[in-house]
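What follows is a short report on a single structure.
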Amino acid sequence: MLKVDGVDVFYGDMQVLWEVSLTVGDAEIVALLGSNGAGKSTTIKTVSGLLKPQAGQIEFDGVRLDQIPANRIIHNGIAHVPEGRRLFTEMTVEENLIMGSLRPEAKRARTETMGWVYDLFPRLRERRKQPAGTLSGGEQQMAAIGRGLMAKPKLLLLDEPSLGLSPLLAMEIFRIVKVINDAGVAVLLVEQNVKRSLAICHRAYVLENGRMTLSGTGAELSANEKVKEAYLGI
Amino acid sequence: MTVNRGIVAQIAVLAALAVIPLVVHNDYYLHLLILALMWVVIGSAWNLLAGYTGQVSFGDAAFFGTGAYTAGLLVIHWGWSAWWGLFFGGIMAVVIAFPFGWICFRLRGAYFALATLALNEVLRHVATIWESFTQGMVGIMIMQSYISKLPYYYIALALAALSIIIIRLVMRSRLGYYFLSIREDQDAAESLGVNTHFYKMLSLVIAAWLTGVAGALYMNYMGFIDPHVVFSLHDISIMAILVGIVGGVGTTYGPAVGAFIMVLVQEMFRTAGFGYIKAAAKFTDVQFLISASEQLTKGHALGFGILVVLVIRYMPNGVVGDWGKLMIALRLQKTGRAK
Amino acid sequence: MDLFLQTLVSGLLKGGLYAVIGIGMTLIMGVMGIINLAHGQMMMVSMYITYSLFAYAGVDPYVSLLVSVPAIFTLGLFIQQRLLNPLLRAETILPENQVLMTVGVGMVLTEIMRFIFTSDYKSVRTSYSSSTFFVGNISFSVPLTIDFLIAILMTAALFLFLIKTDLGRSVRATAQDKEAAVLMGVDSERITYITFGIGSALVAAAGTLLIPVFYLYPDIGGPFTRKAFVICILGGLGSAVGAIFGGVTLGLAEAFGATYAGMEFEDIIGLVIFLLVLLFLPGGFKRITKV
Amino acid sequence: MRKTVATLSFAFALALMASSAAYAADPIKIGVVLPLTGTEANFGEIEKLSFEMALEEINAKGGVKGSPINVIFEDDSSKPDVGRSAIEKLIRQDGVALVGGGYSSSVTAAMAGVAVNNAFPLVINTGSADNITEPWTYTVSGQMAAKKKKAMSEETDAAKKEALKKEADELAAKAEQEAATIMPRYAIFRINPPASEYASGIESLLTDVIKPKTAALLHENSAFGTSSAADVEKRLTKLGVKILIKESYDKASIDFKPVLSKVKEANPDIVYMVSYVNDAALLMNQSMELRLNPKMFIGGGAGFTMPEFQKNAGKASEKVVSATLWHQTLKYPGAKEYYDKFLKKYNRDTEYHGAEAYAAMYVIADALKRAKSLSKEDIAKALSETDMMTVFGPVKFATYGKKANQNKGEAYVVQWIKGEQEIVWPKKYATTDVVFPVDWIKERQ
Amino acid sequence: MSFFRADNLVKHFGGLAAVNGVSFEVNEGEIFGLIGPNGSGKTTLFNLISGFYKPTSGEVYFMDRRIDGLKPHKINRLGLVRTFQVVRPLKRMTVEDNVIAAAFAQSGSLREARRIALETIEFCGLGRCKDMLAKSLTIGDRKRLEITRAMATGPKLILLDETFAGLNPSEQDEAIGLIRKIKASGVTIIIVEHIMKVIMTISDRVHAINFGQTLTEGTPSQVVSNPGVVEAYLGEAYHA
């Protein structure tokens, strides 16, 4: 479904990704692992069009994503839940969710999808009239994911969803990711929590210094000591 | 080697400017040059604060007006020569700069700009309302101390040279490096041991001093001021910015170039090419030229405004800053026409 | 007592008009962070449109809203798209170039109008221009009262637009987090010029409302630009409701200043409030009202 | 390519210079500085048209000394510094024989400085602040003497008062000497009366007819407004009228209701206003809205006599009286004709500013005719000997009091009656009787 | 008597405690590592120490002087300098000018400052690009410039914030060399780092935090074998 092929990305004249390739299949969870600064977020941002590759191409359901502006990406069925949640803090939870459903297909099903999101995150329903900025970290993450889901995406890009959350909340988030995936949404997951990620993903890639170094199924990589090395340096 | 060439060029320009009045006996042109030189001082001062220190002020008129009023008030209240204004006007502008800085430097970016604008407006109103002291809108009129323009020309030239020298010296010292680092990244500068508040203040004080001195020169030379003239948002504050931007922000000679361009171009628009277009029209008897010059005089402010918009749009770094771009554009045009 | 009440009433009514002037700017400044020094000049152009319609076609000013508002909306769109957006992208030493551009635009607009209409004072005298009604001893100007109601209507409309429509939400979202808005599928570039257009349209409405009670010449824009700044800083950037507060506060401050301190202090009072709010209540009334 | 362009443009420039030189020998060039853009362009336009009309007539009759007059109009943009650039250009670049114009007081003051420096004849038609034709104010001591005098008049302590008086006298004497050094270069002539004379016509109307005891005084804060108001205050105080309220305002104000409410509460016998056009209209409109009912509304010239005032204020302008310097019904030769011609030619109204400009052109032509040569000394001498009748009345530059080369002129009072301006005072010029008393509230039903 | 001591530092943002009671001591001449997962409060800690934030409570001592609440430039003058995680080069100045601006902390004269700057540039191995504009440097060189600039102020203690993020392995090795060189020149170092390999190799002691609180402190090997640390990094119960 998503095919990233040999992508080079630069910040100004500074190269940060070298020939990165990956694929995400239908209803698959793919984890993208790597230490800080390895280029995970960059990869995701390139997929969602915020950064444009200088070489290589990105294809999604036959559409060349690298050739359309960032704001059209979501119209192709890709929702990006950015790192740090990036909620519209002065808008209410509900408005944030609505903002996720601007594309016509999603707009038509707005109430319905919102019901589903609220079922997924009952806490959000309780707080739907509250400005997003007043939510706790976990609730904000839920709202961000919910906002992504409102687009009725075929592929959800999740960037560090468990960042800064307590272990309990992080676990909850991973559970939800699974639920979402079970509903037929493919997920490209960037995470620090290697263990958890590998446990729920179908396949995973490891990025090091802007290059893909490892890939395989979750189980394969869990067994691979190199993964641990990439993170802990031991 | 290049440095030497640079110095030679500077001395040559200075020498040329010094000789001009001995060759050009037209007082009108000297008048324009005096104004241009005065704007070199103001533009350079603004550039120090905005272009080098990154604090874009919309309130330069406050310092200019303070300098001018100091000179004028010295005359009408105490009977001193207005020339003392060159000394005290600068000092008073610095005095004004302190509350200015205290208020404005708490704010950043656009808010800073708006606060400077508002403070200048406050001063203008004070000068208008406080009639017993400033004579309000009646203004201050004094006679010039010299009938000849030469003294004014050389004083203006000296001040212009002085301001450029001061700015060059500043920029080659610790101050200059600190100013630039504040412009580039205030937090980084702070972490490198730069007392950013102090140095911003210092930059403001130097700029205010120069602007105040220019204001005092204006009083001496023009012989008439009122609050709307010297505290004018459009004619002083924004003109200072235009001089800086058109010439080139953050370059030593940008404001100087900008000052000459702005003063001369503005006057050229107003007078339809210093009256030459009209003369040519009469001489050649081409009706088109006559009506063109008439329309130009009628719409001189419009023409000037359009020019400003075009410069900002296409040369955002000014003539000096975008010199390369300008040259390329001109050459392109030329080759295009040659075909 | 009459004096006090009359001052209060004129301050309030004037404040309503100020609110409409400020509301457009608060949108532009709050959403896009653009300082628009041509705001008053846009209003001036709208006033000339209204004047021309009245003088040459006998169109009532309130009807000519239908022309002036869309016209200035288009003008705003154009300015943002063609003149400001390219500048925001260009790499320059000072981000404030954008401000200068609006100064240039203001100059050009003023001079175009002068070129066409000369500097003569124009005014639109309708049958109701000077009509008043009295409540006790207190006089209410009819057009200003109508304007006040329209001001409230427009604020409400804008408020609803921002809260209830997708486009409005997109505008707010872009203001809060441009990149996140892009991820939601918002064309942020388009939003910036639509916002500028709406902001301009609002001040166009203000101009059209003002002209029956005021008069017109090309240089009228400047003072109103400055007032608009005061109003939107008072109200808090980006807050429609804040603009009403800001406008009324300024109107009242000026009125009471004129009555109890002297008319010459009219302008300085607004400026002092402006500076105080900048310093001690950054964020304006929005901080208190939270809307 | 580049070379040819350079050569061509150089040749063109030479041709230009040659042309302007060759042309200069032919007509007599004079310069006129007026606000053609900026806030005062409205008045500048009327004056320019009047100048042009007079010029056409003069040139049609053969001009002066056999040559036509060529007027170079310069725009001062309503800004003193630009006005100064303009006069510098006229004197130095264009080599004009004399300079006319001068609308706003501030621009005129700035121009006056240049004229004195160059000992150049300057014929002012409007710029009315008193000090422009008071050479002593061009001296430092003169200005200080005035300050000391003012301080003295406000001082209550007798001993201190005496000391101040002494100082003031010393300074005045010094100013006298300094002025003597300026006089040889002083060739400034002013056709319209100074701001302080505008109200002179009103004075007798007040004593004879209105007989007020209290007054409110509102004025816009320009140089003209401020100095007029100061003079009116002096006159009223001298007449024993108590000033209850004196306020200045910025002419861009929207809302005068607060200050008018204050006036209403103070309930003065007269409301005296010095205003531009539209603030005048707003003031009257809003005082109508507030139902002010003093014995009389009096305008201090400028805006209150403009046709636009009546247009904008409508019925609120009815029965308002105003000081003025001219009116078309005055029995000056050509006054009515000028008014009609102007109306016909430009399809718009004119008023005293236009008449001043029209007269100024004739005064200038007359002086040029009589001047022995076109040197500035001869022209100045000819101007000082001016004694002629114009549409604006008799023009004769006199030196009286502290003033030098000032045309005394006369001030009149007009009243808006049924939408027309009528001269109502002084009696001998009056075309109709002054309408008094007026019930303003009834009047405006 | 200690060289550097942070005492029970607390920093609240709104209701949120970003740093909640962290204490540690640093001895003169050592490299002290500060680790923790993203968002654990390391950078906040740096901001507290270097004066960019004022602690809600707690104290910071440097060479027996209390420095919490002082302005950053004052703290710098005492000999404590920091780098930024997101590098902040003075973009439109050359590398040399960047460093000269910093070197003025040591001397008021331009000649002297330039001498110090050039020395430091050589010391840090940036000589090859000293005339380039800072904005055109590669990320590796930018990080290096950040350190060079800090060094040019003549510090006794330097705080390095994520110096290695985004460097490729060979650059990392160079950076390790540089840090060792800095230590050898007698400057004490506190380093925040995410790449454990680096921390392991160069630190003398390591302090681990998570959720703004201390997890553990000890030698690198002690810390990395602490289950809490492993859990914080890899997710709970990785060993399972």
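For clarity, chains are labelled A, B, C, D and E in written order, and residue numbers in each chain start from 1.
One rule holds for everything that comes next: contacts are C-beta pairs under 8 Å (C-beta built on N, C-alpha and C of every residue); 3 or more make two chains touch, one makes a residue touch a chain.
Everything numeric in this text was worked out from a predicted model, so none of it was measured.
Asks: Enter the minimum step count from chain C to chain E; a value of 1 means the two chains touch.
Replies: The distance in steps between these two chains is 2.
Asks: Fewest touch steps from chain B to chain D?
Replies: The fewest touching-chain steps linking chain B to chain D number 1.
Asks: Return the chains common to the contact lists of chain A and chain B.
Replies: Intersection of chain A and chain B contact lists gives C, E.
Asks: So which chain is the furthest away from chain A, centre to centre on CA atoms?
Replies: Centre of mass proxy via C-alpha means gives D as farthest from chain A.
Asks: Between A-C and B-C, flag the pair that has more C-beta pairs in contact.
Replies: Looking at contacts between chains, B-C has the larger number.
Asks: Compute the centre of every chain as the mean of its C-alpha atoms, then state which one is farthest from the centre of chain E.
Replies: D
Asks: Compute the distance, rounded to whole Å, between the mean C-alpha positions of chain A and chain E.
Replies: Each chain reduced to its C-alpha mean, chain A and chain E end up 31 Å apart.
Asks: When the C-alpha atoms of chain C and chain D are each averaged to a single point, how far apart are the two points in Å?
Replies: Each chain's C-alpha centroid was found; their separation is 36 Å.
Asks: Which integer distance in Å separates the CA centroid of chain A from that of chain D?
Replies: Going by mean C-alpha positions, chain A sits 76 Å from chain D.
Asks: List the centre-to-centre spacing of chain B and chain E in whole Å, with centres computed as mean CA coordinates.
Replies: 44
Asks: Which chain B residues touch at least two other chains?
Replies: 128-129, 250, 298, 301
Asks: Send over the residues of chain D in touch with two or more other chains.
Replies: Residues 37, 221, 248 of chain D each touch two or more of the other chains.
Asks: Which chains touch, pair by pair?
Replies: Result for touching pairs of chains: A-C, A-E, B-C, B-D, B-E, C-D.
Asks: Name, in rising order, each residue of chain C that touches chain A in their complex.
Replies: These residues of chain C touch chain A: 163, 166, 169-170, 172-173, 176-177, 179-188.
Asks: Considering only the defined contacts, which chain C positions touch chain D in the complex?
Replies: Per the stated touch rule, the residues are 2-3, 6-7, 10-11, 14, 17, 111, 114, 118-121, 123, 125, 129-130, 132, 139, 141, 210, 213-215, 217, 219-220, 223, 254-256, 258-259, 262-264, 266-267.
Asks: Looking at the complex, which residues from chain A come into contact with chain E?
Replies: 11-14, 16, 35-37, 137, 160, 163-164, 166-167, 170, 192-197, 209-210, 228-229, 231-234
Asks: Across the complex, what residues on chain E touch chain B?
Replies: Going through chain E, the ones touching chain B are 50, 52, 71-74, 76-77, 81-82, 84, 88-93, 97-98, 100-102, 104-105, 108, 110, 113, 149-150, 153.
Asks: Name, in rising order, each residue of chain A that touches chain C in their complex.
Replies: Contacts found on chain A: 48, 50, 69-75, 79-80, 82, 86-91, 95, 98-100, 102-103, 107, 147, 151.
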